[in-house]
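Next come two complexes built around chain A: one with chain B, the other with chain C.
Up next, the complex of A and B:
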């Protein structure tokens, strides 16, 4: 199930709030939340739910084993990490691996199509953060299977993050404030996230899809429009989801860390990655970069470590070479910023522009169906387009979708964020008006997504 | 982090009382809509989209495991959502205000005219069809052939299109057809007649539908009669339906602020009679107008009750002249104007007719052959070529 669906908004959300608030005592509330979370997951993955349950049981048992047999702690850790990675690797990278082998060495493996279990990248990383931090002695093993299951499967963050570390919610699993006021504020945060996703990500996404469908025929102007549209789509989609998750979690008594902090206002790529998908960056720093030696090793090793981290970050986003290229592209530029331009920060305006350009070019790799397609788009953006520099199509697309692009750009500004916070903090009238507008329009957009006239008229 | 700090600062104080109500009302509001949704009876058919709406899905373990149940439930909720049409218009009007003038290949033109985009036609398809038509006409030199290609809105009303609209050159396409058939058929160019009718204030196209109006069809009658050597006639006009919302409205999602009207023209000769036989079923009709269609899903089917593979019209006209027509739906509102000029008219819609038209000449002969298409249909058509091929 996704948050931006009618089933979620009109059935799942009211029911889960109702049962959660009626349930007496924290234990019962946790149980209700676990049940709803499992239903939430099973809704989209009626079969792979068992894979997630397996993951919960295994990590729970290994966690307890680590604590009960301290002398085998390291072996248990290695085993747990290996199994988690194997499961993730099998479901996410099996096809990619075999296809690449076939391409490179002319092998002829038959590649079964394995559908990717929703959210497996997220919950596996959460489970691994638990196991690794447990090994590091940051906390005691969770004794309650119920609470551990809830940590892994909590429906707010289950399918699109943020990746919540166990240490961030350990206390809240046992003790947290549950109140109608928190519900209200949580719903307000959720609402703005919903608007980001349905009103801006989906509409700019339509523009991007239209451009992508034109393939190699685009003009330079059209290619840039498509790139700008994707840049907004991915941010509003991803951060909208995160906001919805954070809002829901808040409503149910949990404090999740902020996951996106106005990333497009960054003046360098280094800053961008401190603001973009913060929980993922934290995860890779904590569990990959630092264990590899982090900043405390010689620069040669540091460079190797940075490249490893970014190749993995790329692959985490998707099992394809274009994602790995995207990750390495970011890694290389980050290294350049770190070693070459260490103290030479650009002035504000060129800094902003250059950072946006770097990120925008990166998204071309990210969004393309293949590396070859990315090449075509980049060539078009550089002015070597088959469709010329500009054409009617670009104007036509701009007229049809320009308003949403503009709305997206405005919502990236710090003023938009301040306005939103002001509404949540103090301005009741504005909040009620914004709620009616965002909810009303979101429902209108969701209900008519399947507007699907029967096109009899040709016949 | 900022947001979180602010969150925790704010637990006390007057604001949280409002937030308390806000959350409860938010959830109640969603619940209320759900109850409204469940309480309202399901509708089976959408007038605006002209399609059957989804029904509540039947639950089964199998459907659930395949993910079918959940998908169908989402579709059902969307299809049966209270005030769905109004929400659709809210969205389309909002986007219109924000500058959107195109939806699903339909442009919203000035003065509330919807117009279908004319795509660059495939000249290869045209070449093959034209060759087949020429071959057919050469096999039947005893019949005199006439060719009418009617432009669509996007041509004659191009000045109402948004300035950036992508619109291929329809005039050039029509001209290339006329020159391709110049030796085999008399080309009847109706563009001037339609333009001057428009200049006189005649609404030659529907606002919400891709067809020309019966008034538009009438505006070219003199031109056609002159070319075919027929007498000029006049007809009785009556508006039979004034709440017509057509195919372009359905396709684009824009409901227009004004409805279109459907007009019926009848012979001014009270003694003129005809009947129409639908050849597939053998059913006979005494009128080419089907009043039932006006309350159906496509009121344009008022003309001839829609499209059939083959219709035969036998009339009481005092002549022995016969006519064979190859046409698309544009012809449906025009052909009644020719009834009094022929004893017998055979009407073939090649999109549904799956034989060589040569078979028609085994039993019958025709004095005249008329091709009547609109440029848009013909540009995408491959069925005429098949019908034109030899036995």
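Up next, the complex of A and C:
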């Protein structure tokens, strides 16, 4: 189930709010949320609910064991991290690994098609952060299986993050403010996120798909138009879903960390990664980069650490070489910014334009079905397109989708956020009008259009 | 090693082995297109008409070009409830959307035919819907279970 579906909007969400608010006491409310979260997860892939329950039970038991046998803490940590990585590795990378072996070594392993369990990357990372921080003594092991199960499976962030660390919600699992005011504000945040997803990501996504369907026949102008459309689609798709998750969490009394902070306003790639998928960046910094030595080691090792982190970041997004190349591409440019330019910021406008170009080229690897496809698109963008420099297709696509592209660009600006926050904080009438309009339009789009993919589902 | 640790770690390892075994031995899906299934099962679809792209869009909101493949047969008479949909797409939301749509229509039609259309009601009652990404198969006819099993047999390894 996805948030931007009619079943969720008209059945699942109202029922979960209703049962949650009539349940007496926090324990009952947590139990209701856990049940709804498991149903939410089981909706699309009922079999994998057992995998999630296994993850909950395993990490809960190992967490308690770590506390009960402090002299064997390290052993428990290694065992828990190894099992989590094995599960993630098997379900996400098994096919990729065997296919690569077959391609490289000429082996003939039969590759079973294993469907990717939804959200496995997100909930496994959450579970590992719990185990690692418990080892570091940041908190005590969760004694309640119910609360721990809720932390891992909470349906708001289950399938697309943000990756919430246990320390961020530990207290809220036991004590949190639940009120009509929070519900109202949370729903407003949710609806703005829904609008981002349905009105902008889906419409710009249609443009991108139209360009991609042309394959190698695109002109340079059309290729750039498609790249721009994808830039907007992926941002609004993912940040819209994150906003929906944050809004729902807020409505139910939880405060989730911000996951996107206007990334396309960045003036360098370093700044971009401080603003894009913040919870993933924080995770890799805390649990991979710093344990490897971080910035405290010599330059050579730092370079090695950066490359490891970015190769893993790429692979986290998908089991394909194009994702790894995308990660390493970002890693190399970040290293160049760090060592060659010594973090000297370019003036605002050139810095901004250059960052957008770097990110846009990166998305070509990210969106391509293969490295060969990425090569075709990059060649076209560089001016070596089979369809020439410009054609009528680019103009007709722009005419058909230009309004939504423009809306997307405007919504990337800080003024859009300021307007939204002003409505949420001060102007309730405008807020109600805006959210109702977004809801109405989104429903109209969902009912009349069948195009409603969700890019981060596959991660 | 304490008994508790032995039990927990041993249990986890056993569960892991079981999960891997069950996952790899679950029946795999063949790389087949819906149109290939249609070609080899045309006889069973007789009595129904191949539905146009417009009807596919109208009934399920599905654009034929946007999915990997879709075969849709429906009866032309509005008193006839028979339908067969074989849909293949990687888009989970399209699959679940189509499944929800057909489930809702079955319920609606059951209400309509409950009092005066025993044959149609029985067909709706025995409708078969099977979904396993990237496939959705929906069959409403006299021998839905058998037909659905045949289609599944072509899809599953």
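Annotations
We adopt the following convention: the second predicted complex is superposed on the first by the 448 of 459 C-alpha atoms of A that agree within 3 Å, B and C clash if a C-alpha of one lies under 4 Å from a C-alpha of the other, contacts with A are read in each partner's own complex, and residues count from 1 in each chain.
Here, a contact is a pair of C-beta atoms (placed from the backbone, for glycine too) under 8 Å apart; a residue touches a chain by one contact, two chains touch by 3 or more.
Every value quoted in this text rests on a predicted model; they were computed, and no experiment measured them.
After alignment on the shared chain A, the placement of chain B and chain C results in a clash.
In the superposed pair of complexes, A:404 makes contact with chain B only, with no contact to chain C.
When the shared chain is aligned, chain C comes close enough to touch A:87, but chain B does not. In the superposed pair of complexes, A:22 makes contact with neither chain B nor chain C. Of the two partner chains, chain B is the only one that A:428 touches; chain C does not reach it.
Once the two complexes are laid over each other on the shared chain, residue contacts for A:183 go to chain B alone; chain C is not touched. The larger set of touched chain A residues comes from B, when the choice is between chain B and chain C. Within the superposed three-chain model, A:7 lies in touch with chain B and with chain C [touch as defined at top]. Once chain A of one complex is fitted onto chain A of the other, the partner contacts of A:443 are limited to chain B, with no touch recorded for chain C.
Look at A:79: by the touch rule set out above, it reaches chain C but stays clear of chain B. Aligning on the C-alpha atoms of chain A brings chain C into conflict with chain B at a single listed stretch, 95-103, out of 95-103, 113-121 or 149-157. Shared contact residues of chain A, touching chain B in one structure and chain C in the other: 1, 5-7, 43-44, 448-454, 457. Per the touch definition, chain B reaches chain A in the complex via residues 1-4, 6-8, 10-11, 15-24, 26-27, 29-31, 33-34, 37, 48-51, 64-67, 70, 73-75, 77-79, 81, 84, 87-88, 90-91, 94-95, 98-102, 104, 162, 164-166, 209-210, 246-247, 250-251, 253, 297-298, 307, 351, 377, 380. Residues of chain C touching chain A in their complex: 2, 4-5, 8-9, 12, 15-16, 19-20, 23-24, 28-29, 57, 60-63, 65-66, 91-94, 96-97, 100, 133. Of all residues in chain A, those touching chain C in their complex are 1-2, 4-7, 43-45, 50-51, 54, 58, 61-62, 65, 68-69, 72, 79, 83, 86-87, 90-91, 112-115, 209, 213, 448-454, 457. Within the complex formed with chain B, the residues of chain A that make contact are 1, 5-7, 9-11, 13-14, 17-18, 43-44, 46-47, 177, 179-189, 191, 246, 250-251, 255, 257-258, 261, 392-393, 395-396, 399-404, 421, 425-426, 428, 431-432, 435, 439-441, 443-459.
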